[in-house]
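Paired with chain B in one complex and with chain C in the other, chain A is shared by the two complexes that follow.
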Partner chain A sequence: MTNEAQGRPDRAVEMPKTVPLPGLEAYRADQQACAAAEEAKWQKQLSDYEAAKAKAEAEGKDAPKAPVKPVAKPEGDLKAPVPTEAQDPDLLRLKDVFGEAVEEFFEQAGECTAQIARDRILEVLRFCRQDPSMRFEMLADETATHYPAASDFAFSVVYHLASLSRSKRLRLRVLLPEGFELESATQVHRGANWFEREIFDMFGIRFLNHPDLTRILCPEDWEAFPLRKEYPVAGLGQRDIDFREDRSGRLTRRAQEQAGHSAINLKIPTAD
Partner chain B sequence: MAVNASAVQGPTLLENILITTKVEKVINWSRATSVWPMTFGLACCAIEMMAAGASRFDFDRLGAGIFRASPRQSDLMIVAGTVSYKMAPIIKQLYEQMPEPKWVIAMGACATSGGPFDSYHTIQGVDKIVPVDIFIPGCPPRPEALIHAFMKLQDKIMSGSMADRYRDVFEAVEG
Partner chain C sequence: MFGGTEYMEINMGPQHPSTHGVLRLKLKLDGETVISCEPVIGYLHRGVEKICENKTFFQGQIWTDRMDYCSAIGNNLGWAEAVEKALGVTVPRRAHYIRTLLAEFNRIASHLVWLGTHAMDIGALTVFLYTFREREEIMDLFEDFCGARLTTTAFRIGGLGQDLPAGFEKAARAFLARFPACIEEYETLLSENRIWKKRTIGVAKLNAEDAIALGVTGPMLRAAGVAYDIRKAFPYAAYAEMDFEIPTRTEADTYARYLVRMAELRQSCRIIAQCLDGLPEGPVMAKLPKSLKSEVVEIYHPTESPKGELGYYLVGEKGGTQPYRFHVRAPGFANLQSLAPMVEGGLVADVIAAVGTLDVVLGEIDR
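And then the complex of A and B:
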């Protein structure tokens, strides 16, 4: 698809930068990488200084000024919240009960997150809802994120659970490769119906055992999935549609048909 | 003396009770002073439109206070808000259900040009679907702006000529 066909010849479509998946392990790896880079920079400065000093001594000049090791600045009040070890009893209990199925769990800014194995999510949701010590009765939100740069997964689906009786919240997430069909949360929370339709509409993630998995926001004949990162902001040619062309009174999308778009696109994304 | 008086007064009285004008002008005047808008809001501009209709701004002074709930009884469509591609066929259908003569006001940045929604899902101006008479800038425009636009529309209606409006019909009949 050329830029002209996207209706914006003046604007190149480029892949937006994606943030890494938040998590304790990723954060620690990032911190270690930063520390290693700092250390390498300091070693380079030191060796440069030694070389300059030796050269100055050989030439009989004054020795250059010695470098000072930079001290990390103390962080102010506006410190970004970092992920920390989980202390929350709910998270610990989840780990106790499900073991390996809880792939990662951490707290950040007072919010609890657990990453669940994608084939166990239904079980975990049911446990969170029904267990007398958990009682997360409400699915406050279900949404997804696209991570095109990640190697072993493409999407994360995030469940925001709320417990009205305990005034607590819990976030669960699963990581999915392209084309994976996740068990629908409607089997535990009926309110997940429209959330999952929206996720399907925007990302093309399909859900097993969902009562009515159709588009909910976009028109039924919409092409592709708009919240995927590779989707251009100006759309895939929808702006070429000139509704004024049709004088007969019925609104047809002639330009779209001429451009070769089919009517309804419910293609299953392939895993390549 | 009495005969003379009646001869003087006769034409004066007649001038007091008669107006000479054109049929077209009378029709335009009646249309411009009783424009019935359609109850039709798409987004936040509709809130300003409601304010314009309520007592503080009182759209009714201009003859446009009767918001009709059916396009069949409306003369004016105020497109107040963001037009999405999913909504476009519905707007077009409503416009076509309105009887002639009919006018359209595109209210606010979204309806005139897509506004801040330079995206895949928003029609970049409602004039891509229906012919627009008046565009109002603003995000959202204040009720005063809508009233000003409506007065401009009244000017347009008053200056309208039936010959122009139905030119293609006349040409079809003649040719």
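And then the complex of A and C:
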């Protein structure tokens, strides 16, 4: 992809370096790391000050200004939502019933999230739909996220459930390594059909027991999966020749012949 | 011909005038009866999700205009609120009111486009001329407010770019005074029209159970007797302070959806009047740093667009100025799934009515 991206900043791909997967434990670890870094910085400032003071005293100069410990000031009307311990009865019930299969559960920005073991997801979806105390009748949305920087998984698939009778919402999350197949939610919610086709189309995640797992938004012969992070924003599928220079299409045809392409450039550029 | 049945397969669209854009339907017909219907979408796919992942939180909004271009302000509202929820921004109360007001105007405009085109598809050409007369006034109001008529980009993250312009309230009140008579005018043309009733009553039925299983929301679901409106169930903007009703019908056919949407026009007028009466004083923009950075966060923000549940899913990266992942749950996308069960077994002419009653806008379905 490098030669393709040369001189075309819009075709360059910057891969993410972090794994922004919200979670209570990750948040706490991050907070601790941040606090430790702050403390180390402060200690360094202090020791620097002591050294400078001693040096100034030895040279008979005025002592330098003492450092002031920085206090985090609130930024206007901005207050980032943080993950908190789950209080919601739905989450607690889910944990009670499924135990180990609920890998993580927390609340953030007023939304409930439960991370489910990937081989139990169908069971959990069915429970959420049928249990009289849950009654999440509708699968409002299903989508995925690509995490190329993560080591033990590649995607998260999220299910947004809505309960019309109780006016509640719940997010279920499944982590999925590259190449693994997930049981299709169409076995519980028929409406998952197109959502899963879209996930397949955009990420290449395959679903078991799906009635019709074909591309939905991209053309049938499209190569690669657009919402993966290694896919460039512009470039793939674009014609390489400007229409203004090539009104008759002669240059396009010649370029296609040389490249061995039938129509527009659908091939993923390779390094050579 | 002699024994055995031969089906005819035809393509409706992608350039059929009644498909409202580029929707292709693969129909299998037995005479005039539809045996199966398979919608093919994606002709208008522009990769909005991918593009927004590479734009800052401020820039993303312009792409939401171009999804459902009949209700750009509704999309802007969802986007602005989703980003505010992800970043934890507190929006001033006056901004909430003005947003609600504009979103309801947009609901009226969107329903008017739907009514005009839906009636035109079925054969009542006149209604189109009447509805676009009123829609024009709403577009003028939008132009007054933000300078654009269709692709509005009306809001900012944290509130509004500007307060209501001078004279806006007067024009809005003049519209409200006139509009109920206009609704009656449309109803005079349609409600008791014998042809309209024959083409809509009992056509394209979808019961509540199927609708919920397929993820159908909005007027489609309310016409099946489920009083589910996100403005009531999960209030956002200033809807918690508004007094309005959720119109429902139980017939679950095309005529019921028409009646529900007409009732929604009246409810929108009520909400707009309440917004104008109770408009609080104060600033319209929150105090924010110049560059907005997110923490690790994952949110899904549902809003009630004129077509149903419009949800924005955002994943934020620590210190990121762009969304790490952006996903739109388009109401039309989920609603269009119900087209096949609605038309199968019906007549081919009723496919037109079914597509119209779904209120499809391919810009949001294909994104």
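One rule holds for everything that comes next: the second predicted complex is superposed on the first by the 213 of 272 C-alpha atoms of A that agree within 3 Å, B and C clash if a C-alpha of one lies under 4 Å from a C-alpha of the other, contacts with A are read in each partner's own complex, and residues count from 1 in each chain.
One rule holds in what follows: a residue touches a chain if its C-beta (ideal position, glycine included) is under 8 Å from a C-beta of that chain, and two chains touch if they have at least 3 such contacts.
A quick note: this is a predicted structure, and the numbers were derived from the prediction, not measured.
More chain A residues lie in contact with C than with the other chain of the pair chain B and chain C. In the superposed model, A:Tyr231 lies in contact with both chain B and chain C. Of the two partner chains placed by the overlay, only chain C lies in contact with A:Tyr27; chain B stays clear of it.
When the two complexes are overlaid on their common chain A, residue A:Cys218 makes contact with chain B and with chain C alike.
By the touch criterion stated above, A:Ala109 is placed in contact with chain C alone, chain B being left untouched. By the document's definition of touching, neither partner reaches A:Ala150: not chain B, not chain C. Once chain A of one complex is fitted onto chain A of the other, the partner contacts of A:Val97 are absent, as it touches neither chain B nor chain C. Looking at the shared chain after the overlay, A:Leu176 reaches neither chain B nor chain C. By the touch criterion defined above, A:Leu122 reaches neither chain B nor chain C. Common to the chain B and chain C contact sets on chain A are residues 217-219, 226, 231, 233. Interface residues of chain A, counted against chain B in their complex, comprise 217-219, 226, 231-236, 238-239, 241-244, 249, 251. Remark: chain A residues 16, 18, 20-22, 26-27, 30, 75-82, 108-111, 113, 137-141, 143, 145-146, 158, 160, 162, 164, 167, 169, 171, 189-195, 198, 202, 215-219, 226-227, 231, 233 touch chain C in the complex.
Contact residues on chain B toward chain A in their complex (touch as defined above): 85-86, 88-89, 92-93, 96, 118-121, 124, 128-129.
Residues 41-42, 45, 47, 49-51, 54, 85-91, 158, 212-217, 226, 228, 233-234, 286-289, 292, 294-300, 302, 309, 311, 313, 315-318, 320, 324-325, 327, 329, 333-334, 336-337, 366-367 of chain C are the ones touching chain A in the complex.
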